[in-house]
Structures are given as C-alpha cells and as structure tokens.
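The structure's right below; bear with me while I get my questions together.
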Amino acid sequence: VTGLADAGAGREPIFSTTLEVRWRDLDAYNHVNNSVYLTYLEEARLRWLSQAQVDWAGADSGPVAAALQMNYRQPITWPGTLRVEKYLVKLGNSSVTLGHRIVDAGDADRVFCEGEIVLVWIDKSSGRPVPLPDSLRRVCGG
Amino acid sequence: VTGLADAGAGREPIFSTTLEVRWRDLDAYNHVNNSVYLTYLEEARLRWLSQAQVDWAGADSGPVAAALQMNYRQPITWPGTLRVEKYLVKLGNSSVTLGHRIVDAGDADRVFCEGEIVLVWIDKSSGRPVPLPDSLRRVCGG
Amino acid sequence: VTGLADAGAGREPIFSTTLEVRWRDLDAYNHVNNSVYLTYLEEARLRWLSQAQVDWAGADSGPVAAALQMNYRQPITWPGTLRVEKYLVKLGNSSVTLGHRIVDAGDADRVFCEGEIVLVWIDKSSGRPVPLPDSLRRVCGG
Amino acid sequence: VTGLADAGAGREPIFSTTLEVRWRDLDAYNHVNNSVYLTYLEEARLRWLSQAQVDWAGADSGPVAAALQMNYRQPITWPGTLRVEKYLVKLGNSSVTLGHRIVDAGDADRVFCEGEIVLVWIDKSSGRPVPLPDSLRRVCGG
C-alpha cells in the first residue's frame, strides 16, 4: 500500500480549498486523529462538487467512496490552516478516481498526507452504479 | 487501489471484537460516514494491543498510522453490531501491516469493508521509527 | 446553572442502557470530550424510542433538542462501560423533559454527569411544534 | 432549563470568532448535530484563551467544563459560516461563567443557540480546583 505514486507531485490540482483544524480533531496523542483526514478530504470534495454545480445531494443518485488509499506523512497539530488539493486520476463510466493531498496552507512543501479515493455514483434506492452526471464530467474536462 | 487481495479471505484473524454502531456515526446520507470506519478499526486495534499488554499509550513510544487502504463494500446502517477482524500481513522491524475486515456480527458473510493498515512504532519526541516492542512481536507470533 | 436538582437522585429510571467508551471519544486531555456526553445521551434516547416503537425517524415529524442542562461531575476515561439512565421530568403537549445520568456500569454510585434535556416534537417541513405521538405518551405513562 | 436570560442580549461580547460548518457536523436529520454545538463553543473558547495568552494546555492545570446550559433556537445547515460570541457572566475564585451565542456570521439576528458554561480551573493530577490564572483574570477585566 505504500508504493503508490503521489498524484499531486508536480501537477496542477483541479481544485483546492483551505480548512481550519479544530481542537476536537485531536486525539489523546495530541495529533489530528487519522480518521479526521477523511473528513478534511470529504469537506473539500463537497465544496468542489457544490461549486461545480454537480447535484451530489439529490434524492436519486450521488457519490459513495468505494476505495481509499492514504499515506500519512507527518502529524497535524492545532491550531493550523490546511490546504486540501484534488487531482484527477481517472474518469470512468460510473466512477472517478481523485488524487488528494493535504498540505500546510502556508507552506505547500509541508505535505501531511497524500493518496487516492475512488468515488462511484450510485442510485440511492438500489445501490447500483449509474453513469457519472454530465456536470461532473464537465468539471473533470471529460 | 482496488486490486489488493482481501487479507481476511479464508484465513484466521489474530484478533476480533464486536462494536455497536452509534446513531452519530451516520451522516446526512443516513449511512455510517466513511471516516468512522477508521474509528472502528482503531478501537479494535487498541483493544487488541491492550489485551496483549503491549504498551502503546506510554510516554516514550507508540504506533502511528503510516498508510491505509480500504475497500468499502456496502453501507453500514444504524442500529447494528459489527465484528472487526485483524489479520497479520507483515511484521517488519519498526512496522507491522495488519489486514482488517468489518463484518456484520450476526452474519460474517456480510462484509462491509476490508483493507490494510501499516503501523509504524515511533519515538514520540523525535518522531523517528523505533523497533517494535517485544510484546507486540510475541502477540504476532514473531 | 448549577442549582438544578438531580432528576435521578433516588428515583427509578424509565429507561437505562449500557454503552462502551471509544478511544476516539477522548480529546487531547485524555478524557472523554464534553461534547461526546451528548452523543451518549442521544444514543440512549434513540434506543429507548426505538424499543418503545415510537416513530422518531419518519419523514413527517420527529424530536429535536430545544434545551439542555448538564452538570459534569467527573472525567470519563477509556476503556469503560457506561450506563445511561433516563428519567421522566415533565410531559407537555409538544415537548417532553427528560432527566439523565451517566454512571459507571459497574458502580452506579460513580456519577459522571446528570442533567436534563427538553425535546420538542416538530413537523419536519415547517419546523413547527406538533403534539407528541401517542406512542411516546404511552411509554411515558401519560 | 428554559428560563435563563440570554447573556448576549444587548451586550458586547468579550470575544467573537468565525467558524465554518463541516458537512460531517450534520447528522441523519441533515442538521448540525446538537453535540457539535459544543465543539463550536470549545473551538471559540480555546482561540480566545490562546489569543489572551492564557496557559490552558499546560501540564499542571487547566479548565474543565463543570456545567453547561444551552437553548437550541434553530437548526444549523451546511454550508455555513458561524460567529461564536462569548460573554463574561461571572468571575469566581476557581471558576468563570461564560455566556455564549452562535449566530449566522452574515446575519447576527439569526441566533442558532445561546446559553452558559461554567469552567473550573483544576490541578490536572489531583483534579482539585485551583485559583484562576492571572492571565485569565486580566482578559476578563478582573
């Protein structure tokens, strides 16, 4: 699981946004808990989809995480401002693979984690994959 | 990221434990949020280390997640009782790779997710890797 | 805010249930974070409503917290098993006031917190109060 | 528990700060979960103490919540920017009572909740109350 190339190395993100660390994100080790990194990625992803006017919250269909890969590079502490970057890795029929990085908002060379997530668009009642919405294809340049 | 073999397929776990889903684990999709799966894995891992009398919470050194891989198979709903299974994949000098599965406690064929995590033992002041504690090697049969 | 009588002192709860503390419930002080007490109360409340077959999750109406009072008595640590107790304080037309206590499941004299919560039943589209469901009145003996 | 006067009505806050709602703050009702309001209050409180250079995170002593009172006025949705306001209600020997309000950052008349919290400064090893630090008295004008 460590051999994956960093999707963000030397490329332009398709989206980036900044987030504030909350003290509650810390665990008893006094570092941001590893589960909270996924919340940061999710928040960035939903801001991206919202800005691109992709209807991800509708009643009929929407994205779910199908697979996730994360390399944790260094601990995140409080207080702090993070930048979450998204990269397009692969655009499929029903799925899109996004690379991600979380970096220090004031020092992009300080990489806290990088990895990939596979999102699948599903029909909410049946749970079956459906074609990606055109609005998502457009924002991915597809 | 989807090609990984399921470490738990047809093998005996080195540890398993049951957990209750909480309603707060759900998100606005009415499914357990994908970040919470990591909390389930963490809880099982710390119960395992505690039962094996591995000193993971001490002041000097302890485990951190270095890499994570997850395949999300189906949504988890509330209420529910889960079983988290841990598998030994690889025992290194400073790191251990654990396979994991989260299944329905009442129906082990209902697999909610599986994947792997790489834990590295670090010195808490320097952040540098240190040899795994003997107590952990013993419980891993190493 | 400290003068409130303990609703649970010397009375019989109308419901009690046990919960496991999770390590993620801790914060950087190594104690369960004060916000998580509300998650424990919520989990107990929804188990109670579910067992009493009160339709709280339906599309039309359901309960929301209108007011909360909590006295934090002593810190909760991990691992631990808690018992959450619910007391009926007042049954109104659209609202019910519940007393609550969180105690050590193995030692009921060890009280971690007590207080009260006012729940109001609302119409989910308008946000307006509606009469409490009969199923809730019944389980409250009203 | 509903009779408490709103500490923030018509007064100047001693501190205010803005926060972003995260999608993960929502629960299955699609509103910010009532426990998360406490996380917002905590984040604002710790920013305030940090800016005032009060040593709240030290090894020896620090604040714990002793009592909390909250009136929930209306649901918080995602996305949104909140302003958390703090008011001084009472300065004791070992404790300070703070009023709080969470309002819409763009419309201060839209009040999501208000209430009070009693913080007690304790010795971290013994758990016993200790006098408030001078730095805190100064920032409270005491």
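First chain written, first letter: the chains are A, B, C and D, and each begins at residue 1.
Note that a contact is a pair of C-beta atoms (placed from the backbone, for glycine too) under 8 Å apart; a residue touches a chain by one contact, two chains touch by 3 or more.
Small disclaimer: the values here were computed from a predicted structure and weren't measured.
Comparing contact pairs by residue number, the interface of B-C is reproduced by A-D among A-D, C-D or B-D, since over half of the pairs coincide.
Comparing chain pairs A-B and A-D by the number of C-beta pairs in contact, the larger count belongs to A-B.
With centres taken as mean Cα positions, chain B sits 22 Å from chain A.
Centroid to centroid, with C-alpha atoms defining each point, chain A and chain C lie 35 Å apart.
Computed from the mean C-alpha positions, the centre of chain A lies at a distance of 31 Å from the centre of chain D.
For chain A, the set of residues that touch two or more other chains comprises 23-24, 28-29, 33, 35, 39, 42. Residues 23-24, 26-28, 30, 33, 35, 78 of chain D touch chain B in their complex. By the touch rule above, chain D contacts chain C in their complex via residues 1-2, 4, 28-29, 31, 33-36, 38-39, 42, 57, 62, 64-72, 74-75, 97, 115-116, 118, 127. Those residues of chain A that touch chain D in the complex are listed here as 19-20, 22-24, 39, 42-43, 46-47, 50, 79.
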